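Here subunit A shows up in two complexes: once beside subunit B, once beside subunit C.
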Partner chain A sequence: MDYGIDVKEQEAVVQLKGRLTFNDHAKLRALIREMLQNKAKRQVLDLSALEFVDSAGIGMLLIAREEMANVDKQLVLRAATGQVKRVLTVAQLNKIVAIED
Partner chain B sequence: MSDVQRALQQQDLGLLAGARVMIVDDNRVNRHLLLALLERGGISQVEMAEDGNDALARMESFRPDLILLDLMMPNLDGFEMCRRLRADPRWADLPVLVQSSLSRAEDRARAFAAGATDYVTKPINAIELLSRVRIHLQNRALLSDLRMYRRRTEAELDLARKMQERLMPSADRLVESESATGVAIDAHFAPSSELGGDFWDFRRDGRGRLVVYLVDFSGHGVAAALNTFRLHAIVQRMDFDAFDPSEFLAAVNRRLCALLPNGQFATMLAGVVDPETDRFLYASAGSTRPMVWGPGEAEPTLCDSSGLPLGLLPSVTYETRSVALPPGGRLFLYSDAAIEIPVGPAGDDVLDEAGLADLIRGDLHEPDGRRFLDSLLPRLAAAGPIDDDLTALLVTRRSDAPPQPGPTPARRVAWRSE
Partner chain C sequence: MAFDWRDQPTLTAAPEPAAAPASAPASAQRVEVDVSLLATWLGFADMQRRTLEAIQGELTRTSDHVEESTLDLSHRFRDLAEKALEQSSRVEQIVAMAGSVDIDGERLPLDQLVNGMQDMIAEMIANIVQLSMRAMSMVYLLDDVQKDVGELEKSIGDIDAINRQTNFLALNATIEASRAGEAGRTFAVVAQEVRHLSRTTSELADRMRTKVGAVVTGVRNGHDILREIANTDMSPQMLAKERVDKTMESLVEQTAHFQSVLETAAGASNEMSGTIGRMVTGMQFQDLTKQRLEAVGDSLTVMSAGLEELEDRTRGSLPAGSDIPVPQAWLDHLLDRFRLSDMRQRFVRKLLMEGSALDLHGALDVDAGQDDSSGGDIELF
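Entry: the complex of A and B
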């Protein structure tokens, strides 16, 4: 998994690319730190270029959600497609995290 | 000197005092010089050999921790002795510190090619030699610690794996259940490493109906496996009098929410085969989509399995869904490993539900459930690498089954002893 981060006034948009699996644990930790440090209230994960997520990857997204909530920031998952979208839908994650098309 | 330094020095002295070193040199004066030097460094268990043959003959009885080896010796020289030593697995990683008057780069290269660990040239510098001896002994002790740790870990994982296997239904229980309910279950369970986060089991509820459930904890390995034990304990204590899938999942979820740390969760499907209505009633917490087909049907039906995974939100409710499962009908449940197999030229696509359905289509009506799975598994493996725990369950309602199973006689707990 690779990511690029673009911080604006109101929201920070993080582009995730490739596959998000257990192996990306350290990388996602680093990303969460960056998201905690910037000022934006809304932290958007743009998933349009994410090809695959496994259960450990979903777990990491949920950790990110909680860490943002702890400092009063909102995590948004945006523009998932393909397998990633299927997984988010079947797991009904919209019940606990904001999901946008 | 700080406490830490003192402690290290203490440890060092212990290491050297316990070390066994063999000196191999054809020159008597050299041998005694090296002996005196080692003794000055605190090493008292020293064996001396006059040439390669002599050294090899003493290896078994002395069992050195390190060898100080001369190269130019009569009979069997240091190069050849080193080669023979390395050919024996027992001595393959024994530190061999060459001390030689040969100082050309080619000689060093030859010695290393023969298996030497390190090289010092004569005349010997006492401090340097002792320092190198100490370093190699330390490395050896660390390596041996690591090996022991690894062996212990492997043994423990192996034991844990056996415990996990015993958590799953035994063949006896399956046979007994099939004759009582007319529902056969064939199962495949393969953790990706020693331990897995998948778990499945079945029960009979108070009305004699067969209840089956399949769980997949996030991640795999030890943490996920420990969670399967937790889940087993939770389910053991639940009431199976009149099984209700949505209530069951909601209850398991509440228990897991209190146990699982942030970032861990489980997907689960739990359902009951209801012979009165010829339906399978189930609830799903983000499990994979069950596939169902009746006798004579050419396509499996992909059922809805959406639902929030367990362990994330205590207040969540689940929906009981139902699908026709007449006698002769079949239900196929599987963990997500089966639909996350990377496929395509760049491996950037996955074998999704449609791909899995393609793989089973030809075998839908294979009478032998075991053969259904045995035919599927190699084809899954051929589709791409499976890097997660894989569980597959085929539930078959026998068409010749006793139509109305009676209630379960009395709740029995089967204890299996070692």
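Entry: the complex of A and C
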């Protein structure tokens, strides 16, 4: 998985690419740290280029949400497609995290 | 075929002696009639009467036949109606059962069951998600612990270095103390104590190294196991819910379809039984037919009796020994009409065998007997 962050005034948009699996746990931790450090209140994960997510990936997304909530920031998952969208739907993640099309 | 009974050869013995000439003034109620004409009429009347009796017999026979067949048909139709009702009640039972499932002796509606199972699966997936999150938190925690433990190992190494230096310093102090002689004796005791302390510290550091080593090994093993757990992808199991949902929906839909088809079938069976009931009612036409045929028969009896009376009176008016002719052509014409062999036979019996024409028409009777073997029913068609 690769990512790139675009921090604007209101929101930081993180573009995730490729496959988000357990192997990316160190990389995701680094990303969470970056998201904690920038000033934007809304931290948007753009999932349009993410092809696959495993259950550990879902767990890490929830950790990110928790970390953001601890510092009063909002995590938003945006534009999921394919397998990622199906897993988010089946896991009913919309009950826990804000999800946008 | 046209016939004319007037063409019959006159079999009368002698013409009646002429009464009054035609030109004579007719007395109020009397006309001159040829004796042969009266005899011919008498022969014809006899045959007519017997024909009427035969027709009456046929009417009764037909009425009985219709009654018997109608009763039989009504009976069968009633059976059919009962069976159709039974059928619809069986189908209704199936309809009632189709929408529910028996679980531990309790009947649960299928849609309720499906909803319950879907909730169960959703809960299971929520648990998987929570477990994944906790597992990842633990992984991050153990990552940190492992880092801390590494630093601890390094600190123990630092203690060793310090200890070695302390030991070295104490040794130097001991040497310097012995060189100072008596004046350094107290210092030599202190140096000795420092060396002793250094040794104790070294032993402690050894024990700590052993223990920390055990902790490091434990943490690393735990970390590996946890990574393995967290690395087990459960997303295919989560996505299995999609398939289960679709299967359940299809099952409910299919059951609903079955139910509606069966309900239609039960309705059709009910309708069928109603229609058959109306058919049975409709067959009461037979009663009316019977009454009509009886009325026709009664009128034929009256006609017959009238005819017989007239015959008697006519016979009384004829001179004794007058020959009564058989209306042969009329008889042939009448019998030609009957295509049903058994009916023809009955008419032949009634008209000929009871009369005087048996010898003349014996062949007819024989023919009728032979025809009988082919069966009257077949001739009908």
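In this section, the second predicted complex is superposed on the first by the 101 of 101 C-alpha atoms of A that agree within 3 Å, B and C clash if a C-alpha of one lies under 4 Å from a C-alpha of the other, contacts with A are read in each partner's own complex, and residues count from 1 in each chain.
Keep this in mind: a residue touches a chain if its C-beta (ideal position, glycine included) is under 8 Å from a C-beta of that chain, and two chains touch if they have at least 3 such contacts.
Since this is a predicted model, take the numbers as computed values, not measurements.
Judged by the touch definition given at the top, the superposed model places A:92 against both subunit B and subunit C.
Of the two partner chains placed by superposition, only subunit C is touched by A:29; subunit B is not. Look at A:58: by the touch rule set out above, it reaches both subunit B and subunit C. Annotation: subunit A residues 22, 54-56, 58-60, 62-63, 66, 83, 86, 90-93 touch subunit B in one complex and subunit C in the other.
Across the complex, subunit C meets subunit A through its residues 122, 125-126, 128-129, 131-137, 139-140, 143, 227, 230-235, 238-239, 241-242.
Subunit A makes touch with subunit C in their complex at residues 21-23, 25-26, 29, 53-56, 58-60, 62-63, 66, 83, 86-87, 90-93.
Per the touch definition, subunit B reaches subunit A in the complex via residues 216-220, 262-265, 267, 286-287, 289, 305-309, 312-313, 316, 336, 340, 342, 348-350, 352, 388. Across the complex, subunit A meets subunit B through its residues 22, 51-52, 54-56, 58-60, 62-63, 66, 83, 86, 89-93, 95-96.
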